[in-house]
Amino acid sequence: RAEELNVAVAANFFATLQKLAPKFEQASGNKLLLSSGSSGQFYTQIREGAPFDVLLSADSDRPKQLEAEGLGLAGSRFTYAIGTLVLWSPKPDVVDRDGKVLRGGAFHMIGIADPRNAPYGTAAQQVLTALGLWQQLNQDKKLAVGENINQAWQFAATGNVDMAFVALSQVSDRNAISGSYWLPPQALYTPLQQDAVILTRTSKRALAETFLKWLRADPQAIAGIKAAGYHIAE
Amino acid sequence: MSLALDIAWSRADFLLQVECEMPSRGITALFGRSGSGKTTVLRCIAGLERVARASVRFNGEVWQDQRRFLPTHRRPLGYVFQESSLFAHLNVRGNLEYGLRRVPAAQRRIGFDQAVRYMGLESLLKHRSDQLSGGQRQRVAIARALLTSPQLLLMDEPLSSLDLASRREILPHLERLRDELSIPIIYVSHEIGEVMRIADHIALLEAGRVRAFGSIHEMLTRPDLPLAHLEEAGSIFDGVIAEHDPRYHLSYVDTAAGRLAISLRAAPVGQPVRVRIDARDVSLALEPPEHTSITNILPGRVMDVTDDRDPAQRLVRIDVGGRPLLARITQRSVVQLAIAPGLALYAQVKSVALMD
Amino acid sequence: MIASFYSPDDLVALWISLKLAAVTVALLLLLCTPLAWWLATTRSRLRVLGEAMAALPLVLPPTVLGFYLLLFLGPYGWGGRLMHHLGLQPLSFSFGGLVIGSMLYSMPFVIQPLQAAFHAVGTRALEVAATLRARPWDRFFTVAVPLARRGFITGSVLAFAHTLGEFGVVLMLGGNIPGRTQTASIVIFNHVEALDYSGAQRLSITLLVACFILLLIVYSANRSRAEVAAVA
Amino acid sequence: MSLALDIAWSRADFLLQVECEMPSRGITALFGRSGSGKTTVLRCIAGLERVARASVRFNGEVWQDQRRFLPTHRRPLGYVFQESSLFAHLNVRGNLEYGLRRVPAAQRRIGFDQAVRYMGLESLLKHRSDQLSGGQRQRVAIARALLTSPQLLLMDEPLSSLDLASRREILPHLERLRDELSIPIIYVSHEIGEVMRIADHIALLEAGRVRAFGSIHEMLTRPDLPLAHLEEAGSIFDGVIAEHDPRYHLSYVDTAAGRLAISLRAAPVGQPVRVRIDARDVSLALEPPEHTSITNILPGRVMDVTDDRDPAQRLVRIDVGGRPLLARITQRSVVQLAIAPGLALYAQVKSVALMD
Amino acid sequence: MIASFYSPDDLVALWISLKLAAVTVALLLLLCTPLAWWLATTRSRLRVLGEAMAALPLVLPPTVLGFYLLLFLGPYGWGGRLMHHLGLQPLSFSFGGLVIGSMLYSMPFVIQPLQAAFHAVGTRALEVAATLRARPWDRFFTVAVPLARRGFITGSVLAFAHTLGEFGVVLMLGGNIPGRTQTASIVIFNHVEALDYSGAQRLSITLLVACFILLLIVYSANRSRAEVAAVA
C-alpha cells in the first residue's frame, strides 16, 4: 500500500525537488507531498506540531536547532545540497566576471534576499561587507531586499533592479547561464549548506529514511541536484 | 371596558402629561394642534416608546405599568402611521399579507378581499410602494392594519392625504368596523368635520395635556372649549326614524327637539339615528317663518349668549325640547332681535346631516 | 482537456479554495449578522469599542496573524489545549484551522457593510412590523434582513474574494499541505516561487475569470430589484 | 404671462395627457382624486421627470420642449413635496438656509426671519428633523421653499397635515406671497374649502386628463362639473368695501348682487374684495323675510334648477344683479314654493365669507 | 524612553506605515467616490461589469499581485515605459509604488461601502436639493456626501487598517528599503521570521493599540450624530 510522505521543503529547493519527486515515487511506489515555504516558517510550524515528516531546510542552523530541541531525529541530519551565490543580471554586459561593477556605483539598484531570514541574503551581506560596500549601499538605499531569494531574482528578471545576488540554481539551466554574472569567491561567505532532517513526530520513519537515503545516494538524485546548480557535500 | 392611560414623559422641550380613561368602544378622536402630542400619545399606547412613568391598561389587561411592559407585537392593535410606512421590499399584496399571515386564522375577522375592496386597491396589488400616489399608499396602510383584525385601531391622520370622495368611501367602512366588529378606534385628526362625523368621544390635546375629554355631544357645545368656536361647530341630536317621504326624497327623524327632515335614508322606521346641526346653519326668527325654503323650524328658548372668536358673531345656545342647540349669528342680529336668555324664538335649521 | 491544462494539484487546490471561501462566508454571515445588528442598534457605550475591535484583525500582517493563531491553536496554546480536553485534534494544519483563520481575517469585511446596511434600515420599518404582530426574530428576518440585502451582498462578495486571495494566514496556519490545506492562492505563489510563470498565470486567470463570472451573476441578480428607502 | 403645459406620458398602467395653459399669476388649484396624476404634473413642471414628449413654457421662456431641457435647479421654482422631505443631516435652520444661500442676495424677496415668523418656527430652529411632528416638518418645508424666492411655487398638498388653526395662520401668508410678491402658485389640494379660499383658477384632473380648466367663478358654478355638487359648493362675488360698522363689528361690501354684511375688516373703504357664499348657506323666500337673524337678503330671479348628487336636494341658480348665485335647497321646498325659472324671490344668505 | 523601547528602524517603519495608509486612503477616496457614485446611480448595463471588476483585485494573492505590478511598473512594462517617457524615475521600490500597490489592493473596500451608502441616499433628497437651486456638484457635496457619511467612514477604516496590515504587495513592490519602503508590517514579519518574537509582539501591539485608539476617535465622533433616513 502506497504511503504519503509530508516533506517541508525550502522555497529555493522546491522546484528542484518537484522535478526529482516523480523519480522517487516511481522507484519506491510511495508519494511525496511537498510543502514549500521559508525555513523560519517551517521551524515555527514544526515547534507547533506541524504534520511534516521531513524538513529540507535552506540552511543548517534550523535543522541543528530542531535536533538540539529533540524535534529532529538525532543523527538523521545531513547536508543535501550546497548553494552557490551569484551576482546576476538578465542583460549581457552588465555584470563583469570580477564583480567590479559593484565598486563602480554606475547602477540604480541591487536586489538581495533578506539577510536576517534568508541564507543567501546573509551570504550576499557577507560578500558586500568583505568588499567594504555594505554600509555605503545601505546608506544610498541601493539595496532592494526581497523576502527570499526568489524575490531577489524577480526584481532582476523584471528589470526593476540592475542585478541581484541570487542562487546559481536559479539562473543556470544545464550549466548554461543567460545574461551576465559574477561568482563571488567562496571565501567571502560561509558555505550555503542546506540540511535535511527527519522530524521526531513522524509516524513514517522508515519511509522518511528511505527518502533521505535516496536523496543522498541515488545517482539520479545527485545528478538532478547538481544540474540545478548546487554542489554536493563530499 | 376602557383604555386607561397615565403617562408622564418629558422629551427635549416637550412635556407630555396624559391621564385619561377612554371608553374602549366607538371612535375616540384625539384632537389638537400640530405639535400638541397626538402622535406621541399613539406611540405610547402602541408601546413604541419605552416610557418609564407610564401605565396603559386595555380592557382591564395591563399593557404597561411600573413593572410590566407588553411589547408592541403582543398588543392586539393596528396602527396606521402618519407618514407613509409601506415596506419597500414588498409589493402591495406583500404588504397587505404581512400582517394577515401573522394572525391565526381563527382570530381573523376581516378577509383579504374585503379589505382590498373597502380601500379600492383591486388594481394596485402588484405595484411596488414607490409606484403609488400618496393617497394610494395611505389606503394600503389602512387595509394592512385592518387585516390584523385588531382589537384596538390606532389611526394617525389616516385620511389627511385623501380627497373628499375617497374619504367618503372609506369612512363608512371604518364606521362599520366600529359597529359590526365593535373595534374601538383612536383616531387622530385635525379636521373637525371628520371628527364630528365619526367620533363618539373627543380627547382635546393642548401642549401635551388633555385639556378636556368627553362625549362628542358635550364637547361640541361647551362654550369654554375651542370646539364650539370652530367654524364647523354644531350640535348633535339623537332620535329615531319616524317616517319616509319618497316623493321629496326625505326622511323624518323625531328627536327631543322636534321632527327634523333629512335626506331619504334606507333605514326602517323606528331605527335610532344621530343627526348633526351645524351652528352656522341655524338662523333665528322671532315669528314662525312662512314661505321659506327652510324645512326644519324648531321652537325654543334662549339659554345663553356668549362671545365667539369672531367679534362680529355670537354663539347662542337654545334649549329645544331640553337639548342644547348651538346657533351662530351676527352680533347685529342679537341686538336687533334683542336676543337674551329666556327669549322664546324659532330656530330655522338650513340643513340637518344624518350621521350614519 | 481540463486534466491536461491543469495539474491535479491545481484542481485540488482550486476546490479547496472554493470550499474554504464558501464555508468562511457562510459562517461569517452567521456570526457577523447578530454582531452587526447589535452594533447597528445598540445605544450602549460599548458600541464604539465593538466597532473599533471589529476592524482590528486587518491591522496585523496576515502571516503574523497566522503566527499568533498558530500559537493559539497549536498544542501548547489555549485553543489547542481546549481541543485536547474535548478529545479533538488540534485545528492547526487542518481545514478547520484555515476556516478559523480566514474568518478572523475577513470578518471586518462582513461586519462593516452589514452594520451600515442595518443602520440604514432604521427603526420605522421595524416599528411597523411590530404593529403587524411580528415578533423580534420574525421582523428581523422578514424586514431587516431583506431591506439590508445590499449589505449582505457587499459583505459576502468582499469576504469571498478576500478569502480566495488570502495567503499569509493560510500558509502559516495550514502549512501548505497538498490536498488538505494547500489553496489555489498558495499554489499560485508556489508557481511564482518556482519561477513557473505560465503555471501561475494559468491559475491566476482561472481564479479571476471564475470569480468574475460569479460576481456577474450575483450583481445581475441584485440589479433586477432596486429599492431605496426602507419605508416608502 | 402663462405656464403652458403639453405633456403626454404613459407610465406602467397610468396615462398622463395634459394640455393646458395656466395663467402665471394668482393661485391655480390642481384638483382631483387620489391617483389622478396631480403629483406627476407637478414633477413634470419641475423637471423631475424626464419625459420625452413634453413641453413646458413659463412666461414665454422654454423650460422644456423636444430639443431643450432646463434642469430643475435652473428653473426658478419652489417645490413643497407631498411627503416630508427635510434633509436628515441638517437641523431646521440648516434646512431653511440651504435654499436661501443658493439665491443671490439681490434676488431675495423674502427674508429668513420673515419666513420663520410666517410658519411659526421660531422655537424649532435647532431641532433635527426627526424631532419634529408631522405638521412641523411640513411647515419647515414650506418655509424652505419660500426662502428661494421662487418665481413659481409648486405646492403638493402643503397643508393637509396641518390643523385648521395652523392652516388659518399660514394661508394669509401664501395669499400675501401671491399678491405682494406676485408669485404664482400651483396648488395641489383635495380640500375644496382651501381651494375656494385661495385659488383664482382651478384645473380639474381626472385620470390623467384635464377635465376642465377655468377661473374659480366659472368652475364653481358650472352644473356639469362635480365642483358645484360638492357639499362645500358656492359662488363668488367681487365688490368693494362700502362702510364699516364698528358697533356690530361688521363691514359692508357693495357687490353687483347688492350690499352684503361681513365680519369687520381692517380695510379702507373702497378697497376691492372678494366674498364667497356657500350654496348651503343660501335659503330662499317668496316674501322679504322680517325679524330674522339673517343679515343678508338679496332679491333675485331664478335662472335654473338642476338635480344635485343627493336626490333630496336641488341646485338653484339665481340671478342676483346679473351674477349667478348658487343655492342648495331641498326638493320639497322647490315644490312647495313652486320654484321655477323666472320666479322672483329673496335669497337669504346665512353667512358671507371674505376672501382676501 | 520611546527610543529605548523601539529601535530607530521600528519608529521609521511605523511612520512610513502610517503615511502610506493615510495617503492611500486619501487617494482612494478621491478616486473611488466618483466611481462609486457612478455605480450607485447609473442605469447602464455596464454597471454590473464595473461592480464585478471592482472586487477582483482581492482574488489574487497579494504577492502575486505585487509580482504583476512589478512587471507592469518595471522598465519593460507599460507603466515603467510611460514613466520613462515622461522623464520620471520608475515607481518600483519607491513610496509612490507602494501607494499604487496599496490602492489597488484596498480599492474594493472603499468602493463597495461607498456604493452602498450612495445607493441608500436615494433620489428624493437630491430632487429636493435640485428644487432648492443646488447644481449637480453642489448637491453631490452638500447632500449625497454628508448623507453617505457612514459609507465614507466604513471605507476609510477598512482601507486604512488593510493598508497597515498589507504586506505581500508592499514587500514585493517596495523592496523593503529602510526609511523608504520598509513598513511596520514588514518589520513585524521579519521579526517573526527571525524568531524574534518579543520584537514582533512589541510592534504588533503598538500597531494594534494605535489603530484601536484611532478607530475609537473616529467612531466616537460618528456616534454623536445618528441619522437614519435621507429625508425625514
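Quick notes on this one:
Order of writing sets the chain letters: A, B, C, D and E. Residues in each chain are counted from 1.
Operating definition for what follows: a residue touches a chain if its C-beta (ideal position, glycine included) is under 8 Å from a C-beta of that chain, and two chains touch if they have at least 3 such contacts.
This one's a predicted model, so the numbers in the text were calculated from it and none came from an experiment.
Looking at chain A and chain E, the chains that touch each of them are C. If you take chain D and chain E together, no chain is in touch with both.
Counting hops only between chains that touch, chain A reaches chain D in a minimum of 2.
The most distant chain from chain D, with centres taken as the mean of CA atoms, is A. Across A-C and B-C, the chain pair carrying more C-beta contacts is B-C. When each chain is reduced to the average of its Cα atoms, B sits farthest from chain E.
Between chain C and chain D, the centres computed from C-alpha atoms are 60 Å apart. Here the CA centre of chain A is 91 Å from the CA centre of chain B. Averaged C-alpha coordinates give centres for chain B and chain C that are 57 Å from one another. Per-chain Cα centroids separate chain C from chain E by 19 Å.
Residue positions 67, 124, 189, 192, 228-230 of chain E are each in touch with at least two other chains.
Among all residues of chain A, those that touch two or more other chains are 41, 44, 154.
Counting partner chains per residue, chain D shows two or more touched chains at residues 83-84. In summary, the structure contains touching chain pairs A-C, A-E, B-C, B-D, C-E, D-E. Contact residues of chain A toward chain E in the complex are 38, 40-41, 43-44, 109, 111, 114, 116-117, 138, 141, 143-147, 151, 154-155, 158-161.
In the complex of the two chains, the chain E residues touching chain C come out as 47-49, 51-53, 55-56, 58-65, 67, 108-109, 112-113, 115-117, 119-120, 122-124, 150-151, 154, 157-158, 161-162, 164-168, 185-186, 188-189, 192, 200, 204, 207-208, 211-212, 215-216, 219-220, 223, 228-230. Contact residues of chain E toward chain A in the complex are 67, 70-71, 73-77, 80, 90, 92-93, 171-172, 175-180, 189-190, 192-195.
Chain contact summary for the complex, chain A toward chain C: residues 6, 8, 11, 14-15, 18, 33-37, 41, 44-45, 48-52, 148, 150, 153-154, 170.
Every residue of chain E that touches chain D in the complex is listed here, in rising order: 124-125, 127-136, 138-139, 142-143, 146-147, 149, 225, 227-232.
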